[in-house]
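Single-structure report; data block below.
The first chain written gets the first letter, and so on, giving A, B, C, D, E and F; residue counts start at 1 in each chain.
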Amino acid sequence: MGVVVQNIPRAPAEVIARLAAAGVATVHEAQGRTGCMHAQMRPVWRGPRLAGSAVTISAPPGDNWMLHVAIEQLRPGDFMVLAPTSPCDMGYFGDLLATSAMARGCAGLVIDGGVRDILELEEMGFPVWSTAISAQGTVKETLGSVNVPIVCAGQLVNAGDVIVADGDGVVVVATQRAAEVAQKAEARMASEEARRQRLAAGELGLDIYDMRPRLAAKGLKYV
Amino acid sequence: MGVVVQNIPRAPAEVIARLAAAGVATVHEAQGRTGCMHAQMRPVWRGPRLAGSAVTISAPPGDNWMLHVAIEQLRPGDFMVLAPTSPCDMGYFGDLLATSAMARGCAGLVIDGGVRDILELEEMGFPVWSTAISAQGTVKETLGSVNVPIVCAGQLVNAGDVIVADGDGVVVVATQRAAEVAQKAEARMASEEARRQRLAAGELGLDIYDMRPRLAAKGLKYV
Amino acid sequence: MGVVVQNIPRAPAEVIARLAAAGVATVHEAQGRTGCMHAQMRPVWRGPRLAGSAVTISAPPGDNWMLHVAIEQLRPGDFMVLAPTSPCDMGYFGDLLATSAMARGCAGLVIDGGVRDILELEEMGFPVWSTAISAQGTVKETLGSVNVPIVCAGQLVNAGDVIVADGDGVVVVATQRAAEVAQKAEARMASEEARRQRLAAGELGLDIYDMRPRLAAKGLKYV
Amino acid sequence: MGVVVQNIPRAPAEVIARLAAAGVATVHEAQGRTGCMHAQMRPVWRGPRLAGSAVTISAPPGDNWMLHVAIEQLRPGDFMVLAPTSPCDMGYFGDLLATSAMARGCAGLVIDGGVRDILELEEMGFPVWSTAISAQGTVKETLGSVNVPIVCAGQLVNAGDVIVADGDGVVVVATQRAAEVAQKAEARMASEEARRQRLAAGELGLDIYDMRPRLAAKGLKYV
Amino acid sequence: MGVVVQNIPRAPAEVIARLAAAGVATVHEAQGRTGCMHAQMRPVWRGPRLAGSAVTISAPPGDNWMLHVAIEQLRPGDFMVLAPTSPCDMGYFGDLLATSAMARGCAGLVIDGGVRDILELEEMGFPVWSTAISAQGTVKETLGSVNVPIVCAGQLVNAGDVIVADGDGVVVVATQRAAEVAQKAEARMASEEARRQRLAAGELGLDIYDMRPRLAAKGLKYV
Amino acid sequence: MGVVVQNIPRAPAEVIARLAAAGVATVHEAQGRTGCMHAQMRPVWRGPRLAGSAVTISAPPGDNWMLHVAIEQLRPGDFMVLAPTSPCDMGYFGDLLATSAMARGCAGLVIDGGVRDILELEEMGFPVWSTAISAQGTVKETLGSVNVPIVCAGQLVNAGDVIVADGDGVVVVATQRAAEVAQKAEARMASEEARRQRLAAGELGLDIYDMRPRLAAKGLKYV
């Protein structure tokens, strides 16, 4: 506790943009069905598909002091990713902090906790994914850390990891794997497009994927 | 496990349409306050009031293989209703499966589990009621069954039962009771309309339903 | 159980209006970070910022009889606030009761339980904050009480307390503190406006609030 | 609602005894990994392995009237199985009802809700599996039904089904399948005993079950 | 926040002892089925039936400083009752604080949060009812209050209220009603004893309470 | 997925023994209030304080195949630590696997999921900490991994990390910090012992820790 790491690795902007275009579900598949935050992590308002580098925040329950510290560490396009050290659904973040974060070019916030002022956040166009919405305010009394490894909504996040977020939730991609995952995601999108057209024409997945022999071998019976 | 029932009874299309028009809350009242799935079953996007016959799917946790098998069993206007054999909030269903289901005329999906690609589902206009949203993908390794009785979100669903779904959730009507319930629902709607006008004019339920004597008999005191 | 209190104190309409203008998060801060209902209390549809005096309802689980009794006690601008005597997510309230409540000038409903007919509630423009949505109907068999103290979503509510509700949830203000809290809320809004402009210009909270010396004293290390 | 079915089928006592001896986990496996109530159904005190025929109770939330009606329908060795029509954790059952049930030879209670007087229940030796413990009392105002099909803790229970319960929870066996399941359970126990001895001697499951080729075929890599 | 009320009313020791003897379920019934904390409030170890006067503690999430302040306010036989200002399951209390509380004659702890060192608490014989068990430690940075009204596990608790606790959970009795409730509880116990003997002899509640006519009037059908 | 790491670092046995002696709450404090799994991780039966090196298992939901693979990797005194790749409360582990694990010298199991045969596990004396108990069986169809980093009950666990477990739950200590943490834990225990004696004698924490001036400075008021 009480550490701010100032220099963190980031994936290239071009790779981040390609991951954003692929979206959460595809990126998650492309890296072997790993990295998804759990299903309680939801967008506060329905906004764009986004990706950015993680500035991580480990915060005490009910204490949002470290958000002010983290904002200074932001570079344009970064996401803030906050995990409390113990489960807490209080409103850590509202319109004033969002104003400050936007002024520093912050792309959005992912928080395993609560936020407030959500009408204002939507009006400002500041994207937030959270596990709670609560007007309950916090204090500024106890240190946490910035840019240390955290566990957020069930996933390990290292500072600089790529965060991809959309209506399906949030997925984390390790910095060093980002280019490889972007490539695999694009390959997947291409092959999905072909299958989509066949499915739209009424062909069955049972036939496109040649599932019938394997289903029969497992013992599926039609009665 | 490992059974697909191919011929299932269905209620007449005209009865299903009348149940759709009545909506979930009214149908549930009309069949004696039974059949409602529990409150975690929610629409993924705010769409139309709908009804259709259930093609039921019993699936292992984290395995969506049986959805492909079920799609072949669909007739136009059917609902797919999926219950995992153990609680699971993973994303069983996304835009590719929706493309395939729509091509077969599927009315919608009710799932006691998760779905993904929800932005695409809304754009496609494919209606889904689920207990979770999650990008976390599934595998295709273990058999389940199609058109066997299942328990979905706390309610027994037999293949062919009528599923009515709207913003209030989902209610199940047994095939053989569908016509009777539709009739009772329409009677209820007619009598509600009369009461609505009196209530809108400022008359009190206490007087319209003649509740005062019974409240007094039970001992209600005004102080 | 079985008591209806008929005369309750209410805060002045002008004070209530000022609290509504401040909104939930600001009012909660202005009264010392107290009074917030828990984070499961959410608006059923995204409506206006509102405030009103509480007509409280203590109801048995699955029994909505007392809502009819409470409606007679409403004055224009009042909120109904219902807490079951034991946790219950059934649909206590729907479009008929909303019609009746609106005819009496009711501002809205706050309920630690479920509501139904939510599409109709939104069309009618009747604002509801609830902890559940469920079509499951209730009975009218057992007495509760009206305008007695209740605990709703974790907060004590006395009849006549001011309820402030918006997209962030619901906060309760004791009648006798309402004027003082309104004043503090307005002072807070004024001072926030000044800070917002500095933050929007890119100044850091670390500097505006002079946090650096205190962070250093607590031992924060930059590495 | 409001129906009591008086004559229900029961499995033979000898079959029920064999299912009790096998226990919940083995019976569940023997019927194809089906029939388990969900994991919130737990014993109130650590008692014996038991089995009995189900007298089913569908009860309104917070209303335990039907328990009195059900007790009259009990035969010695029967289980009472109660499901509320909507989720409710109130204390439906305590020492007085247990005294009455024991006097009629009741084997135990399975309830998807709460019980109370648990110290007394343990002293009396009356076995209970429940999803909650709560002193909160109930009323006797609204009818339910006895010996109709219910869904309890996620499983369909028909009157007369065999209930098997122990420290692992509760499993339901359909009356007509009880003899077959008992036989399969005993076969399973016999084969497990042989494997247990090999495992206790340090042999690996990887070898006993010949898993290595299939793991290699799926692509497992040792690094 | 930040207030310690030093002089609080307490019920007479003799009344408290009579409430302890009656136990949670009976006291709850005797005061009209009110006052029960919710079902997540459970004893950490199975100890005695107890009652005592409440020293209330309002504490920030994850901050146990006020427990030290509260211990000074204890009189022999008092309970400490702690509610966090926002939901928090961290371990507020362990063996050192228990040592201190026991030295001051404290009867036990009721906490809507977590405790730790539970093996030691049981060895010491210090009774605790909590909603969580967690080794996660807390800080001492932010003020709360002692002996102000709090909402704990869904119930309002005023300083000095009588807390009754046993295996069924916890019930709160207002100081001024304590003598009346004790008397009603004893009357109830006497009448229950008579009924218990009739039930044990095999008589049915249906007959003892003369329920058959009312069930028939409500429409119960035997088939 | 599909990787087994065969050589993992382990902390010295002597250090592990010292961490076991300190227990979960003390070790957690000694490493700066970090490393605690969340409060749903509970012992299945009340057994000894234990510590051991982690053999980690990443398993698909409802699939326990990797447990067989992991058992081959165990050295005497190791813990198995299993996290499903998505939340799942099925019974992954029972008496046969426990027999096998004990034969290989396994110290115990920590699982963010369910176990079964709990009566047998207690009789065998095999210690288990889990987040669920369920008889619901699993399959062996899909690969997972052994000795890769996992997130279990909210904490990152690397293969070889020291697991400390007792009645308060489970804490994780990184291998490279184990000796330092053991030392700090022992220092903490020594200083606690001195304070315990003063507290037992009736001295107040307010005085022992000299809290009064700081409380006054923060503004605490006695009324």
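Brief remarks follow.
Rule of thumb we're sticking to: a residue touches a chain if its C-beta (ideal position, glycine included) is under 8 Å from a C-beta of that chain, and two chains touch if they have at least 3 such contacts.
Computed from a prediction, not measured in an experiment: that's the story for all the values here.
Listed here as common contacts of chain D and chain E: C, F.
The set of chains touching chain A and also touching chain F is given as B, E. Its C-alpha atoms superposed on chain C, chain A is turned by 120 degrees; the angle is given in steps of 5. If each chain is reduced to the centroid of its CA atoms, chain A and chain E end up 42 Å from each other. Centre-to-centre separation of chain D and chain F, using mean CA positions: 31 Å. We define each chain's centre as the mean of its Cα atoms; on that basis chain A and chain D are separated by 41 Å. Shared interface positions of chain C, i.e. residues touching 2 or more other chains, are given as 33, 36, 38, 85-87, 89, 134, 136, 142. Contacting chain pairs in the structure are A-B, A-C, A-E, A-F, B-C, B-D, B-F, C-D, C-E, D-E, D-F, E-F.
Within the complex, the chain F residues that touch chain D are 2-6, 65, 68-69, 71-72, 89, 91, 94-97, 99-100, 102-104, 114, 116-119, 132-137, 140, 142-143. In the complex of the two chains, the chain A residues touching chain F come out as 1, 32-34, 38, 85-87, 149, 151, 154-156.
Against chain B, the residues of chain F that register as touching in their complex are 60-63, 85-90, 134, 136, 139, 141-142. Across the interface of their complex, chain E is touched by residues 24-25, 28-29, 33, 36, 38-39, 42, 46, 49, 166-169, 171, 192, 195-196, 199-202, 204-206, 209, 211, 215, 218-223 of chain F.
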